[in-house]
Amino acid sequence: MKKIEAIIRKTKFDEVKEALDSIDIEWFSYYEVRGVGKARQERIYRGVMYDTSYIERTLISLIVRDKNTEKTVKAIQQAAYTGEIGDGRIFIISVEDAIRIRTNERGDIALYNAENEK
Amino acid sequence: MEETITGLQIGLDNMWLLIAGFLVMFMQPGFALVEAGFTRSKNTSNILMKNFMDFAIGSILYWVIGFTLMYGDTVGGFIGIPDLFFMSDGVGENYADYSDLFFQTVFCATAATIVSGAMAERTEFKAYLIFTIVISVFIYPISGHWTWGGGWLSELGFHDFAGSSIVHSVGAWVGLAGAAMIGPRIGKYNKKGKPNAIPGHNLLLGALGVFILWFGWFGFNPGSQLAASGVENAVAIGHIAVTTNLAAAAGAIAAMCVSWCRFKRPELSLTLNGALAGLVAITAGANVVDPVGAVLIGAMAGIILPFAVEFFDRILKVDDPVGAISVHGVSGAFGTLMVGLFSTEKGLFYGGGWHQLGVQAIGVLVFFVWAFGTGLLLFYILKKAKILRVSRRVEEEGLDIYEHGETAYN
Amino acid sequence: MEETITGLQIGLDNMWLLIAGFLVMFMQPGFALVEAGFTRSKNTSNILMKNFMDFAIGSILYWVIGFTLMYGDTVGGFIGIPDLFFMSDGVGENYADYSDLFFQTVFCATAATIVSGAMAERTEFKAYLIFTIVISVFIYPISGHWTWGGGWLSELGFHDFAGSSIVHSVGAWVGLAGAAMIGPRIGKYNKKGKPNAIPGHNLLLGALGVFILWFGWFGFNPGSQLAASGVENAVAIGHIAVTTNLAAAAGAIAAMCVSWCRFKRPELSLTLNGALAGLVAITAGANVVDPVGAVLIGAMAGIILPFAVEFFDRILKVDDPVGAISVHGVSGAFGTLMVGLFSTEKGLFYGGGWHQLGVQAIGVLVFFVWAFGTGLLLFYILKKAKILRVSRRVEEEGLDIYEHGETAYN
Amino acid sequence: MEETITGLQIGLDNMWLLIAGFLVMFMQPGFALVEAGFTRSKNTSNILMKNFMDFAIGSILYWVIGFTLMYGDTVGGFIGIPDLFFMSDGVGENYADYSDLFFQTVFCATAATIVSGAMAERTEFKAYLIFTIVISVFIYPISGHWTWGGGWLSELGFHDFAGSSIVHSVGAWVGLAGAAMIGPRIGKYNKKGKPNAIPGHNLLLGALGVFILWFGWFGFNPGSQLAASGVENAVAIGHIAVTTNLAAAAGAIAAMCVSWCRFKRPELSLTLNGALAGLVAITAGANVVDPVGAVLIGAMAGIILPFAVEFFDRILKVDDPVGAISVHGVSGAFGTLMVGLFSTEKGLFYGGGWHQLGVQAIGVLVFFVWAFGTGLLLFYILKKAKILRVSRRVEEEGLDIYEHGETAYN
Amino acid sequence: MKKIEAIIRKTKFDEVKEALDSIDIEWFSYYEVRGVGKARQERIYRGVMYDTSYIERTLISLIVRDKNTEKTVKAIQQAAYTGEIGDGRIFIISVEDAIRIRTNERGDIALYNAENEK
Amino acid sequence: MKKIEAIIRKTKFDEVKEALDSIDIEWFSYYEVRGVGKARQERIYRGVMYDTSYIERTLISLIVRDKNTEKTVKAIQQAAYTGEIGDGRIFIISVEDAIRIRTNERGDIALYNAENEK
């Protein structure tokens, strides 16, 4: 099992979601993070100009079976792509085990319906 | 029948005064929203608490002593003879004594509340209570006596219709003393002394506050005519409503244009402050300038505002989180001066010569010296007593948790 | 000319009544904000919906029947003869009949809205609609008739100027019955029966609500003079504005001091409730107590409040999310009693003897028995009908999603 | 003495007009909150800025030229002779000229602000400023002249008491032209053309806004009587306050019932819109319909509303984020028509025959053609000039950051 | 050391917290995430019905020593269980090292007081 | 590649950011979490005193190349340090792969400009 952590543009979220849907990845979690980096936004406040040091981004966290890792990464990468600076990154981390709370199933099987297949 | 007619006239004027007073009272949440919106969420409970308490304490103390100190029989034009716990079911020429007390009370509370904005986010709550008391029973009523109480400044011919100086500048100059004495918030200036922006946490609420203030100002200015009956008063309050509204509008537009030119973007926070600057500036002359004068005064106030904010921020390095000093102090002084130019009766531009301008300048100066002076003394004592500023940790983690044990958002 | 003068007097009084009515109407968003701010964000849509509907339904039903039930010709001092769909372009001595209807309507809506606060976060929307109807056409108009309608309680000499008991307590005692019947929110009491704090999600909005209520109260109390023309009325409404304001201020300060002593911190939520307690308490006697009396009544109400809140919370274990029972019920009853002590005409402290106090006590009791009694019956039926409380799941996940399909924050 | 009495009468009427004007001015934050609450948080600064600027610019321009264009001596019933920079310390029969200017100014600002709601979240700020100018100096004053200015429509006997058509529909039809021309927000329609829900970010603020509007409407409608003295006026304004309130209540209840029937849940957002629909609809006939008529008109407006919203959303595919077109346009037109049925003087249902209904229909049509026509032209030019709509990126990431450099929430 | 990531119902948070407390796991972090999946909620907005594509959930993140992994997982699974669709999942990820900032201790010892035992 | 998860005091965020900047770590993400633990804050609400069971903290999430791990940890530890209870913890987790969405680069190279060096 792999955990895929994708930090993407907020505005690309809907497209990524659709892309995941179309490869039968229907389960994932996401939350807002702030990305610090070179991409900045100029702001003003009561006459003081400043750069935000951060940009709001969406982090998608998703655990998939090993065999689905590549296609998931590819789907996200393509959907989140704009070509401009600030498209974000995807990280892959190894997961040891998964438990589905409702059934107490463990291992790959806990992800099955998460990927909607046998 | 004569009597019935007098009763009607008093009924009318009295009602006007009360309704105007209600509107001025409603400026309190306006101030609270502006202050809370323009500061960080970790200090919101503190700011609300302060605004509540300044109105509550001011209401009580102004009744206990402030009112008679300001409006009592004068002692040489400098102070009124106080009469504790004002109580009178009498009636004056236009309104009941109690209506008068009420109307004056809400003005006093306005002055007190301005101070808190300039010192937000780092002042101990105890210190805040103390200076609210001092302002309500001492600083405001005494200088108020000099003008509205019939004291020496009014003798000179000083014109400050509804309180650009008497109310707004006084509050702001005390705030300036306080903000200078207490020092900037942690993180406001970087190591090289350059100011950082510390954006307010909710500009929507700030904007709502400004709208409420704008609304309340129709009690503040037209209400200061103190009468509504008779053709003359009717025309006057209509006139004042129009000049007040035009100046506010012009201030907002001017400030927006300035921010658009300088920063390439029309900025909300400055625009909001611009509207307030226009309102404060027109307050001194709302009844004696014509609409054109009102638009010009408002527009200039709106133009000056961003520069005033920068001046305090960058040059003097006085950290005023909500811009109270610029909005109420600078604009108030400016508006007071402008009466000398734009008054259709005595203004320089309308052939009235230099006299009025001179008197206005004296007034502006007097109020600055009085309010800033007493303010410095007051805050110096509080500072020495070590109850002026919260500790570093409290400031960093927020006054809400440590001073009040209660966060605003849960 | 006689006629013109009468026309002016009616014009003036009528206008006063309407403007006061507008201010009272504006208390509705005040209540909505206090309630929404003091509860959790998952139930905000529900609370707004409830507040909207009680005003809307109350407005319609009070017009349909409530008004005449309360103010119609009396049947033995117990009930007015109803006259459906009130319609009259007539005019009384001081104001148009429609102005009267409008003013009374907004008072009725106040009573109804208080109930919802005490039962927030767990009541089915349907049940809420039903009890709003019952209160608007039955509970409030009938006991209202006993006093303001010229019924038996007013014959006794019972004095409740603007409705400490008639409006506020009635609402609160119905709410007490409801809160007791429906039981506490899930998680309010731990296994040992100790109350948990369930902090409101937005105290800033709660504070704005209290400010709005304070503002609206200047319609509620001074407006209840029902006239503004003539010296006597002018003095009266000025007087009432002052006592109202002082009591509110004293209530806020007193509640703050109590929280400071007991919890070592000046607490915002209690201070806000304290101001309301002062306002509710002064409402009964605003016209007959002097400023000193007002300050004392307000202060005592502010001191009692935290203990009342604790009493219901810890001893009776009645879960009242916004403190409505303490603020409106306890303070309302307390303020009604205080008329017996502080009335400058008939109060014990002013040499008026025990009589008035006795009458006030009877009144307080009567309102409690009536409102709590009918309330119990009403909620008992709703409970049996199983439409009083939402299911566990709905309560846990929030009423907004399940009852309204719409969350307030997105 | 004659004179004193006239002075009193003018004092009274003048005061009424001003206070009503203050209330209408206070509708501005109401509109701002509704709009901001019903849209997404990334555009909040932009919406506030727009609302601020339309009031500020409208105030200035309506004084500069709009007022006299609307109320100046008529040129063939089509336009008033303008008189730049209106200035007059005169007084009419009931009120000062300046009071009149003020009252009319706040009405003009209402029309302008409605447009912005329909075009929210995608319009360039510059374009917004331009069309605010055009509406304030051209579209609104001219059609206003046809009716309130004594022009040809008023000659016909067209009855629109406080502006269901003159103010609300005009704003809404211009908005319709704008919303149609600018196209829907990105993501509003899916590939199959089905509308998606884009929920507002803060319904609590939306609800507060509606409450404020409801409150302000008591200035809008009763104030439009333009006088308060004398029995007749007293009865009239009481009457209008009652019909206004009942229609709003009925609108809210009706819209809630519709949403309950159709979606199985009483929905907050529709209920809020329903109250506004009732208010807009009653505005044309508030003085000539009786309470029963008011309830019926309000209820029907509340029932129509959800269908109107759906019609624009699904059939016409015009994306109106806050429902301004349905609330102000459809309801305004509907309310104007209903005068022909429910007017107790000339309405069809009260034996007045078909005449009035015909005239009302003509009026409705005229306003639609005028406002929608000029609106189309205006927005067509702005579109060709490529300053109507922001770029895709700005729209996606929010107008606040790119257009104003300032986010509302930090 | 293992990182346990549990995505649970918001309404189950208090129970899970108590369960952890009772097995002496007193330190953890949590935050709100939005879970995309088959569980949907029906909403309406101004007459348009729609399904939220997400449900708000609480993610508990908790680093434990290896030997405590099983009991922690069990405690969470039992406390978060309702049996209805949407109970959530628990993931286990291996952690290489831990540093306690205050003491600069590293390794298992950095978690000690976190698990309140020797 | 390692993922460094640092849970720090909110008030220390600016200092940590500067510290990372000074060692050329210019890319990271952060978000607010609530930390449950022994450190509590006393609160009151309408006369009921209670302890918050949580404290708001900032979680910094940062993926670095192996060779930069130690210096990053050190920088964070020093900048976030106050010596009082509640300074927080740093966790290190192994990352298998990284993809830069804009360029589709994988592996260490996807982090390069993230660490601003050759």
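We call the chains A, B, C, D, E and F, going by the order they appear; numbering starts again at 1 in every chain.
Assume a residue touches a chain if its C-beta (ideal position, glycine included) is under 8 Å from a C-beta of that chain, and two chains touch if they have at least 3 such contacts.
Every value quoted in this text rests on a predicted model; they were computed, and no experiment measured them.
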> What is the set of chains touching both chain A and chain D?
Replying inline: B, E
> Looking at where chain A touches chain E, is over half of the residue numbers used by both copies, so same, or under half, so different?
Replying inline: different
>> Of the pairs B-C and C-E, which shows more C-beta pairs in contact?
In response: B-C
> Just curious, how far off is chain F from chain A if you go by their C-alpha centres, in Å?
Replying inline: 19
> What whole-Å value do you get for the distance between chain B and chain F if each is reduced to the mean of its CA atoms?
Replying inline: 45
> How big is the gap, in whole Å, between where the Cα atoms of chain B centre and where those of chain E centre?
Replying inline: 52
>> Among all residues of chain B, which ones touch two or more of the remaining chains?
In response: 5, 8, 12, 15, 19, 199-200, 263, 265, 267, 269, 405-407
>> Two or more other chains touching the same residue: where does that happen in chain E?
In response: 31, 43-45, 49, 93-94
>> Under the stated touch criterion, can you name all the chain pairs that qualify?
In response: A-B, A-D, A-E, A-F, B-C, B-D, B-F, C-D, C-E, C-F, D-E, E-F
> Which bits of chain D are touching chain B when the two form their complex?
Replying inline: 1, 4-8, 10-12, 14-15, 18-19, 21-22, 25-26, 28-29, 32-33, 36, 44-45, 48-49, 52-53, 55-57, 59-60, 63, 85-87, 89-91, 95-102, 105, 125, 205, 403-410
>> With touch defined as at the start, can you tell me which chain F residues reach chain B in the complex?
In response: 10-11, 14, 41-45, 49
> Given the complex with chain B, which residues does chain A contribute to the contact?
Replying inline: 43-50
> How about chain A: which of its residues touch chain F in the complex?
Replying inline: 2, 6-8, 31-38, 53-54, 57, 59, 73, 76-77, 80-94
> Can you list the chain D residues touching chain E in their complex?
Replying inline: 195-200, 259, 262-263, 265, 267, 269-270, 273, 306, 309-310, 313, 323
